[in-house]
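What follows is a set of structures to go through.
What follows is a pair of complexes built around chain A, which joins chain B in one and chain C in the other.
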Partner chain A sequence: MKPSTVNDPRRTERAPGLSLKMRGMLTAWLFVSPTVAGFMVFFLGPLIAVVFYSATEWNMLSQTSTFVGWANYQDALTRNPDFWHVMRNSVVFALGLVPMNIALALALAMSLYRPFRGVVVFRTIFFAPVVTSAVAWAIVWKFLLQGEAGAVNQILATVGIDGPNWLREPNWAMFAVIVTRVIKMVGLNMILYIAALQAIPRDFSEAARLEGATNWQIFRMVIWPNLAPATLIIVVITMIGSFKVFDHIYLMTGGGPENGTLVLAFYIYQQAFEFFNVGYASALAIIMFFIVLALTLVQILLRRRGSL
Partner chain B sequence: MAGLTLNNVTKKFGAVSVIKGVDLEVNDGDFVVFVGPSGCGKSTLLRVISGLEDVSGGEIRIGDRLVNDVQAARRGVAMVFQSYALYPHLTVEQNMGFGLKVRKVKPADIKTRVREAAATLKLEDFLERYPRELSGGQRQRVAIGRAIVSDPAIFLFDEPLSNLDAELRVHMRAEIAALHQRLGNTMIYVTHDQIEAMTLADRIVILRDGQIEQVGSPRELYSHPKNVFVAQFIGSPKMNVVEAASLSAVSEIGGDLAGVVSVGMRPEHLTVTQPTDGLFRGRVSLSEYTGAGSLLHVEVPGSGTFLVLQNGPEAAETGAEIGLSIEPENVHRFDANGLRIPSSNSLKGET
Partner chain C sequence: MTYRQQQRIKRICWVISLSIVAIPFVFPFLWMVSSGFKSANEIFGQPSLLPDVWRWRNFVEVFEYQPFARQYFNSIYIALVVTGLTLIVSSLAGYALARIRFAGSVLLVVFLLSALMVPEEVTIIPNFFLIRWLGLTDTHVPLILLPVFGPQGVVATFLMRQYFMALPKDLEDAGELDGLSRIGIWWRIALPLSRPALAAVAIITFLHSWNLFLEPLVFLSSLEKFTLPLALGNFTDPYGMPLWHLQLAATSLAVVPVIIVYVIAQRQIVESFAMTGVKG
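On to the complex of A and B.
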């Protein structure tokens, strides 16, 4: 008969000095260590550096750095009128983009969440811009939105509308970048809404229909309230995304005309890499970090309250 | 309140025919249960009656009114869904009053009618709660309450108890039966559970493959099944049906055996005897103790396995040789097409 493994002295000798729990933890840490290392090097490190830079007056050209404390923040929040202009633009961009994006995403999802012949083709068409290169998208739209030569204005001309020079007129440029951004990103929210709609049991709308509810009542009183958790997430991620928008503005308007589309992320880039005010740009980055953090906290709090 | 008439009702999904010409008369105040195996079309038929599915052919009348082209909400029916379909964001009171609210009934009237229904179902203490805060049985009662509030001519139940545990199912079954007695409305109830069908129904409609196999009272279906399918579907454990030729003692059963191809014997009608005394003999291959008795699986040479219910604490042991006997009037005779042949011996009580 073979000796019991538990009492095998050779096994006892080979056993490491760590408890089972410690060994489990060690294994877990080994598995997560690549991610933790990446987080430290590419996120936490730069974040700490930015916090440090934000308290300095550091000019990249002269390579001189002076500790200035809160001065950069004070400069942004109380002295520099550009900052509030930029903030206003960012808020206008977000308030224009978020409702338009969500309304369109919901309308598309309502049309495409039930199966019918060709539904996958339609979903793909509306989702394709999300995975299209932002550079290609912006360049193509820049061509389409040119003054008289642009395809958009030529189409408008066929119905007797004299379209503006979309990206060159301050009042229209913001509208143009919002709409083109919505078209690019709406597919993502559409997919999220499709998933949420498919999770609502069909019995709900059937029960409501049997009780005499119209289609609008079914949507307003049954479907919309049941979409609330998805809507909350969609609003927050779209809002955060809109505050962080950079590539779209950089490629389509460069913040112009007359700083009409100069939004926060692009303003930070300008200050750091065009005007080389790294300290001031870092302070702006920290302010943006807190704006995004606040939006995220609102999301978490609302979700915990279970009200949405 | 109203009765229901189905006249050659058909339902197709594309090329697939799910309901194949159903004729049925449901009297005002009847409790009718649609029962049948999975995929027989019972839920589809209920949805066609409700208006949630369009009818492909035939006529549906509620009372005297032809409702083929009438919207679901205007047919005067209310449905209790298998999933309950309670709106999770509304309280019990709001769920029950939903139908009245969308029909723009005055809030005071809604409140009165909801309170009345809640009192009927003993839900007064739960009106402010949300569905997630209720047990399965309470949710089921809310779903029924929502149907009551809309004051329908006909109640439709789509497997309403299948999500409940066995004990609660028995309890809710009794509550639904009591509710029917109290309200007196026509009720149509879909289930695949034949015990539910037997205990609740005034009349049972047995469906198979989109067609009605037999309509009758539970007693009629049990005693006088029209064919082998009904005979085996009604009754638990199911009826033993064997080829008549395989039983050497079949002639001793008596009666006119002309045209008899198979015979059916219910497990509860077979009695265990000494091996030498029975009409036929076999060996117990399995003995399942059920408390009140035992379910024996008996291998009868040439005929296969017989199920036998033996009452009482004593049971034949596995491996034992036993005899089986049956009263001739309890033997069901079927022809080559599986249709029941009435015989003098098995016509007790048959008209």
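On to the complex of A and C.
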């Protein structure tokens, strides 16, 4: 379309010497300039800096920094047994949390995606922990999960179960941290699944039912395959989220007992801001970056392939 | 039994089993509030959902133990400033990326997308030194700037861009014919049309700032500067053991208003999360 001739003089009047295209570009860059500036200063710059830090031996207290090349990475990968312990914890946390979260989210979504009286009440309840601060959630559960005085164990006692001292035994602490995190976050995945379920045309299930399929067969053959793209995204988001979890564990167990719940994000924080090993912590941060990057790329590749 | 009766019983069983599943979701809130009214002694006695004696004094002591009112105010004003700034910055950039073709826009989108993949934990170390170099540790500046320009801001930008792209262009063209500048079109036409997206950005941004923990923990050191999430864990005796009755009273004060707003605006809030969840 031709630009209206009525407007043309005004335009040249406002910005003499600049072509229309140039002016459009200038405006656009003006619009994005706060974002770009913030991105450079608080994201790109720091990201480059952390790569450099990771190649130094830097103690925040003594203010000395020396170039050490790959030494911090070697430290993590081969010398420091803590690192693999932490990685093991992170993997256990992720492998425990993701399936539990997905299964529960899907079960809740299947129960709540069609309207019935009270459906909104249930959706509201299951989503409520998502909007609650992780700090509050962790504090309350820490309180409920105390050894003998804790409400959870008192309730278990009434049905004759002698509950463990949840947060003081490494394996139980990991279990408790995972389960309470699932309860906190499952509502989000439930909502995503509800949206995905509502997007499946009802005729699909109806047709299968007319063919005589059972409920389980309908789920297995019709619903589950149609949910695959949603599931893929949900799994990756949840997995990335599980590698980033920090506040929840910081407040519930402080990484303990015996470092039993010390996960990667917490380990980075601890090395950087409690032990002031900036170089080592930066190397850990880069390792975390690659883990998250790998997970994201897997998601993109799988989506590209279109088979899912 | 008739078919209808069967269906009825089935439905009742269904609701009962859902209610059982709901217990661990509701119970912590109830227990938190009720324990906030108990005395230190009663908390360690036989647990009961309702306190024997309602101890309102807890809610006074919360404010005496540390500058809790100040900390509460900090959280509110920081969340409001972050939300306001994010709305402006993200809708400006989102609009340009959606509507104006300009050199470098594709590259910018790729760059911003890559920011979504990088957790805050990765950049927090250099950001700490940057903020310290600027002399801004123990101020609220990093708690405002980092979320606005961090991954949360990028999510907001893409959400706005998505929404702008779906808007019909006719009105904006009409605005251009009427002699509006780009800024005028953005402000007078595009923004009023995108209230749902702006609301979604506002909701998720406010909650994100309100619940922020790592950044306050890293940047703040004096009690008067603390935000709520940092203050809540701070009700301890001299040995570092939690003073549960105060801690839970304070936590109730922080959580209950959010839950009330959430219950009122439940639909809107859930939808906002769904919008970002699918994208992020």
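Keep this in mind: the second predicted complex is superposed on the first by the 292 of 308 C-alpha atoms of A that agree within 3 Å, B and C clash if a C-alpha of one lies under 4 Å from a C-alpha of the other, contacts with A are read in each partner's own complex, and residues count from 1 in each chain.
Please note the rule applied: a contact is a pair of C-beta atoms (placed from the backbone, for glycine too) under 8 Å apart; a residue touches a chain by one contact, two chains touch by 3 or more.
For clarity, every value in this text was computed on a predicted model and none was experimentally measured.
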Could you classify chain B and chain C on chain A, in the superposed arrangement, as clash or fit? fit
Please indicate which partner A:Ile161 is in contact with in the superposed arrangement: first for chain B, second for chain C, both, or neither. neither
For A:Leu301, decide between first (touching chain B), second (touching chain C), both and neither. neither
Using C-alpha centres only, what angle sits at chain A with arms pointing to chain B and chain C? Round to the nearest 10 degrees. 90
Name the contact category of A:Leu95: first (chain B only), second (chain C only), both, or neither. neither
May I ask you to decide whether A:Gln217 touches chain B, chain C, both, or neither, giving the answer as first, second, both or neither? first
In the superposed arrangement, does A:Asn226 touch chain B (first), chain C (second), both or neither? first
Under the stated touch criterion, which partner chain does A:Ala208 make contact with: chain B (first), chain C (second), both, or neither? first
Residue contacts on chain A - larger count, chain B or chain C: C
After fitting on chain A, the minimum C-alpha spacing between chain B and chain C in angstrom comes out at 9
Overlap of the chain B and chain C footprints on chain A, listed as residue numbers: none
With touch defined as at the start, can you tell me which chain A residues reach chain B in the complex? 201, 203-204, 206-214, 217, 221-222, 225-226, 228
What part of chain C is in contact with chain A in the complex they form? 11, 14-15, 18, 21-22, 24-29, 31-32, 35, 44, 46-47, 88-90, 92-93, 95-97, 100-105, 108, 111-112, 115, 117-130, 145-146, 148-150, 153, 157, 176-177, 179, 181-183, 186, 207, 210-211, 213-214, 217-218, 228-229, 232-233, 242, 244, 247-248, 251, 254-255, 258-259, 262-263, 266-267, 269-270, 273-274, 277-278, 280
Within the complex, which stretch of chain B touches chain A? 50-52, 72-74, 77-79, 81-83, 85, 87-89, 98-99, 102-103, 146, 150
Please name which positions on chain A make contact with chain C in the complex. 4, 7, 10, 24-25, 27-29, 31-32, 34-36, 38-39, 41-47, 49-50, 53, 108, 111, 116, 118, 120, 122-137, 139-144, 149, 151, 154, 183, 188, 191-192, 195, 233, 237, 240, 243-244, 246-247, 250-251, 265, 268-269, 272-273, 278, 281-282, 285-286, 288-289, 292-293, 296
